[in-house]
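Two complexes are shown next, each including chain A; its partner changes from chain B in the first to chain C in the second.
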Partner chain A sequence: MSTIIVDKIAKSFGATQAVKDVSFEVRPGEIFGLLGPNGSGKTTSIRVILDIYQPDSGSVTILGGPMTNVKLNQIGYIPEERGLYQDVPLDRCLTYLATLKGLTEDQVNERLPKYLAKFDLTDHAKKKAKELSKGMQQKGQLIAALIHDPEIIIIDEPFSSLDPVNTQLVKDLLIEQRNAGKTIVMCTHQMNQVEQLCDRLVLIDHGRVLLEGELSEVRKRFRTNEVIIDALNPLPEQLKGVSRIEKLNDAYRLTPQEGITAQELLTELVEQGIKLNSFEVAVPTLDEIFIRVVKEGNGDYE
Partner chain B sequence: MRNILKVFKFEFLTVLRRRSFILSLILVPLIPSLLLGVLNLINQDKSPSFQELIIQEVANPLPIGVVDLGNVIKEYPDWLTQGRLVPEASEADAREKTAAGQLQGFYVIEPDYLETGKMRFIKPQVGMLTELLQKNVLQDLINYNLLGANQDRFLRYMNPASFTYEYFDPETADTRDQSSGATYWVPYSVTMFFYMFVVISSGLMFNVVTKDKENKTIEILLSSTKPLDLFIGKMLAYGSLSLIQISVWLGTLVLLFNRNSSILSFLGNFNIPQSVIVASVPFFICGFLLYGSLMAGMGAVAPNLREGNQFASILLLPLIFSVMAMSQLIMEPFSVFTTFMTIFPFTSPVVMLTRLSVGPVPPWQLIASIALLLAAVITVIRGVANLFSSQYLLSGQKMKIGLFLRTVFIGHRRV
Partner chain C sequence: MNKTMNVARYEYLHHVSNKRFWISLIGIPLGFVLLFGLSALLSRLSFDTRPVGIVDKSDLIQLEPDNSINSTFFEPQIYLQVFADERAALASIKANEIQGYAILPEDYLSRFQIIYWANKQPLSDVISLISDFVSKNLMVSENIAPEVVSRINEGNQITLQSLDGSQVYEETNTDRIAVPILVGGLNFILVMTSGGYLLQALVEEKENRTLEILLTSVPSREIMAGKIIGNLSIGFTEIGSWVILLGIAGVVLRDKLEFLMALDISFSYVAVSIALTIFSFIFSAALMVTIGAMMTSSAEAQGVTGLMVIPMMLPVYLFGTFMNNPNGILPRVLSFFPLSSPLAIALRMAISSVSQMEILLAFVVIFSLTLLMIWLAGVAFKRGMLLSNPRLLLRKKFNKETRDA
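Right, the complex of A and B next:
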């Protein structure tokens, strides 16, 4: 059973249609990437999932049914625009946010010191948020999203304005949570992070789904049969079975003709006496897939 | 419901722990208390009071001479002069006695006094209080003699009428003591007090909602609780805080005036009527709910504090108008205008208390006022509940006052 099922949701604000027709499923225990360029409808979709916005049409199923107060307490959310009460001590602010998620004050008193220690914030617990660095405030927000031990973690742009150390901290945390069986929805446009973390993804733009699937399957789908070789001697201008030779920095990208496999291309290179340092089938990066899909998608609209 | 209580508790305790709130709670009543304490201390020391000075002056053994060249004064009755004015045969005698320290000085009533009123006062040194007191005595003495040296006639002249009032309709009659300063001081003070309270407490609602938006906590809150729970929790918290504040301040004021009525006698009989104290609770609560809701709605719609502030003052216009019209409300408490302001729900939270501090208010006006106020409170809270939605709270769109007012008073329109 899917943890989250988003079924054909649409949401407008006045004349602006933020989400037109978005459907996807998030499975238990996976890190799911909700991808899309700025203004594509990612945040609106998340807010609909969280019941912050009511969809104009379509529906969302969470943990087997519609959203309830109990289910809301099983979700940890970190919005893109991070915020804490600036004039309130960190521990009091986190206690309040945790109690809103259904924890009793005793439970918070038991759990909070552990989280503060884990995020190296113990010495800063009594400081007001405005006295903390941006990184510390981000950690505080992570605690607010995790302290109630949620089943689902939804995190919008998890790595925005984080330094490399804190980026690694968040990545480790997400992997740790996935290993603990939590379902994570990660909303971002940082493709390298998606490639490292996500099991499955959906790409939306202009409020519509352009692409959905497992990361490996998506890559396979966009594989072009091109190969990249590092040759020790120069290539001839033409090669049998190759339609295009592109010189890269210290390698060549070969585009095979229709029906020619990578194996056949390798055989041809060997027969031509070309000495190779490396030979690899070119798999498109998620960045390339993202740009291509978004461009094609926009072309569809136009 | 549970989240309402959590929101209430957090907001309430956050403000209650704030140094600025504690200071304002304590300092505002403390400062007048200290001032009155100092006045009390001054009163307790050996320096003579104004009254004592007058008594000393009256008891001064040195009289003032009267040289009556106009032949006006026939009698110097002791009950009137108390020995303070003594007849002198001639100016030379009077001058001699003054020089010898037997007189403080002397008056000369000129021969043509009856035609011109001319009189001279000869004295060795300035004594303002002496002059003030003795001049009055001299005038009384002249009046007494001009009235034929008849004590009864003189006393009637001094107090020609003793009124008792009978009102055609006691319900609508202005029964105030027009000679007392308190007749005007009390309503002015009550009006300003409640005006300030409604404005300050509803302004808190505007600030807290705008702040939640500005410090980006609103989206986290909305992922945990319903907007209406937030709205109600905050209203309860800030309403309670304002009620605590008003109770402490008003209580201190009442206590101060009761304990120090003699020191504050220059204000007249400054007693805050019981009816104002009783009515202050429901009218303040309703006033806060009305304006606090409007301000919270404005905070929900405004993209930031600066932009919202421009529009917030528009919402306060009825209250500002009440203060501007205060003189007329106090001077003409039974006019049509005042009656309208008393029952109009956007002015009644302040004007009703002004009216009650002026005198009794007809029961029908009290009932109409509270009924209309409650109806307005319900309408506005329902309207603002529409505005207090995620759609508005998370929107950064430019606000339009027309859309705001339409949504609050007519119904929900989506942006």
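Right, the complex of A and C next:
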């Protein structure tokens, strides 16, 4: 049974249609990427899933039914607009947010020190949020999202404004949570992170689903016969069976003619006496797939 | 409910631990004491307690002046002193023993004209004192019985009775005016303290960008209820503290406050007024939530808190209208408007008669409007608090969007 089922949801604000006919499913224990350019409807979709907004049409099933107050306690959420109470000491702020997720103060007192230690915040627990660095505040928000041991973790733009060290920390944390059986929805437009973390993804733009599926399957679907070679000597201007030669930084991208396989291309290169350092079939990056799908979808990706 | 109380407790402790709360808790009564204390002291120091002389050339005066009440610092008395002739009075005024003297000329009984001699303008108390004393002597000279003289001086007591028998108003019962003052003060304090804190709490939630986390932990109406309960409790804490302080002051100054024990105010009148005040506050709290959803900064919120006081205090601004015709259209309309209703009804009940049916109807109207306002606040809170330009909410929300509520 899917953890989250989004079925044909639509939501508009006045004349602006933020989301239209969006459907996807998130399975238990996976990291699911909800992708899309800025203003594509990702955050609105998340807010509909979280019952902050009621959809104009369509429905959301979460943990087997509609959202309830009890289910709110089983969700950990980090919104895109990060926030903590700025004038309140970190430990008091986190205790308050944890009790709103159904923990008793005794439970918070037992768990919080461990989380603070894990995120290297023990020495900063009594400081007000405004006295903490941005990275520390981000870690505080992660604690708020995890301390109640939620079944589902939803993170909007998990890596925005994080330095490389904290980016790695969040990535490790997401993998750890997935390994612990938690379902994670990651809402982002940073494709390199998605490639490293996500099991499945949905790409939406202008409120519509453009692409959905397993990461490996999506990449396979968009794979071409192009090859990338690192040649030790310059390539001739034309090669038999090659329709286009593109010079990259330290390599060439060869686009074969219709019906020509990579193997045939390799044979041709060898026959031409070109010495190769490497030869690989080009697999499109998610960035490339993203740009291509969005451009094909509406042609105005910025 | 548990989460509502969690929100309420957090709000309460957060604000109570803030120095603004303590400044307000101590500063307001201290300010009042300083203001009224200084004003009373200055007034007392400028009160001339020297006797006032009377020179009777018309042979009217038969009674001795009643100088039996002791003059104290808190209740100063001006005594009358009868002089045999003008020369003696003049000598006394030159010796600074009296503040002035009145002369009843020989033809007083034909012209009824009194001349008052003094170096400075007399207080109205002095004029009343002379006038009352001369009037009493006039009546005695006409052989009117002393008890009738006394009755005439006290004036008639007119009792107003509503036709259905539900309301009785005694014209001389001026004690009732204490209730509108109480209601006005309570309203003002609740709005300026609890209301201000509430609006600030909402805007801070926006500034801290914590609302979205809250909304995924607690249903919006529970957040709103928690915030209202928490911030209302702050107002009651302040009022409770001041009541205790007043109680202590009352015990200490009990000899000086005997008049309070003699106040003739019915319990039901006070109860109606306070109940209306609490309903009115809940309405204004919901209104503040709705407005708070549109605000983007604490500075804006503070401005709105001040504006909220204006409709509440409308009956005070329109005091003349209320006095002239307490059951006229305007006082009646204001009795059904939640923000002004407590003060309007309390004021009307103090100076006139308001039927039970009208009071009941006011409760029904205000209760219904309060429920409606809470519903609207729920919609505004959930929608407006997350919009980047919440003012657009005014245009969007109350048409198509309201069905989401």
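Everything below uses one rule, namely that the second predicted complex is superposed on the first by the 298 of 302 C-alpha atoms of A that agree within 3 Å, B and C clash if a C-alpha of one lies under 4 Å from a C-alpha of the other, contacts with A are read in each partner's own complex, and residues count from 1 in each chain.
What we mean here is this: a contact is a pair of C-beta atoms (placed from the backbone, for glycine too) under 8 Å apart; a residue touches a chain by one contact, two chains touch by 3 or more.
Since the model is a prediction, treat every value here as computed from it, not as a measurement.
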{"item": "Three-chain arrangement built on chain A, chain B and chain C clash or fit", "value": "clash"}
{"item": "Touching partner for A:14 - first (chain B), second (chain C), both, neither", "value": "both"}
{"item": "Touching partner for A:85 - first (chain B), second (chain C), both, neither", "value": "both"}
{"item": "First, second, both or neither for A:6, with chain B first and chain C second", "value": "neither"}
{"item": "Which of chain B and chain C A:94 touches, first, second, both or neither", "value": "neither"}
{"item": "Which of chain B and chain C A:239 touches, first, second, both or neither", "value": "neither"}
{"item": "Which superposed partner A:142 touches (first chain B, second chain C, both, neither)", "value": "neither"}
{"item": "Common interface residues of chain A - those touching chain B in one complex and chain C in the other", "value": "13-14, 47, 50, 52-53, 72-73, 75, 77, 79, 81-88, 96-97, 99-101, 141, 144"}
{"item": "Complex contacts: residues of chain B adjacent to chain A", "value": "3, 6-7, 10, 14, 18, 215-225, 390-391, 394-395, 414-415"}
{"item": "Complex contact set, residues of chain C against chain A", "value": "3, 6-7, 10, 14, 204, 207-219, 382, 386, 392, 395-396, 400-401, 404"}
{"item": "In the complex with chain C, residue positions of chain A that touch it", "value": "13-14, 47, 50, 52-54, 69, 72-73, 75, 77, 79, 81-88, 96-97, 99-101, 129, 141, 144"}
{"item": "List of chain A residues in touch with chain B within their complex", "value": "13-14, 47, 50, 52-53, 72-73, 75, 77, 79, 81-88, 92, 96-97, 99-101, 141, 144"}
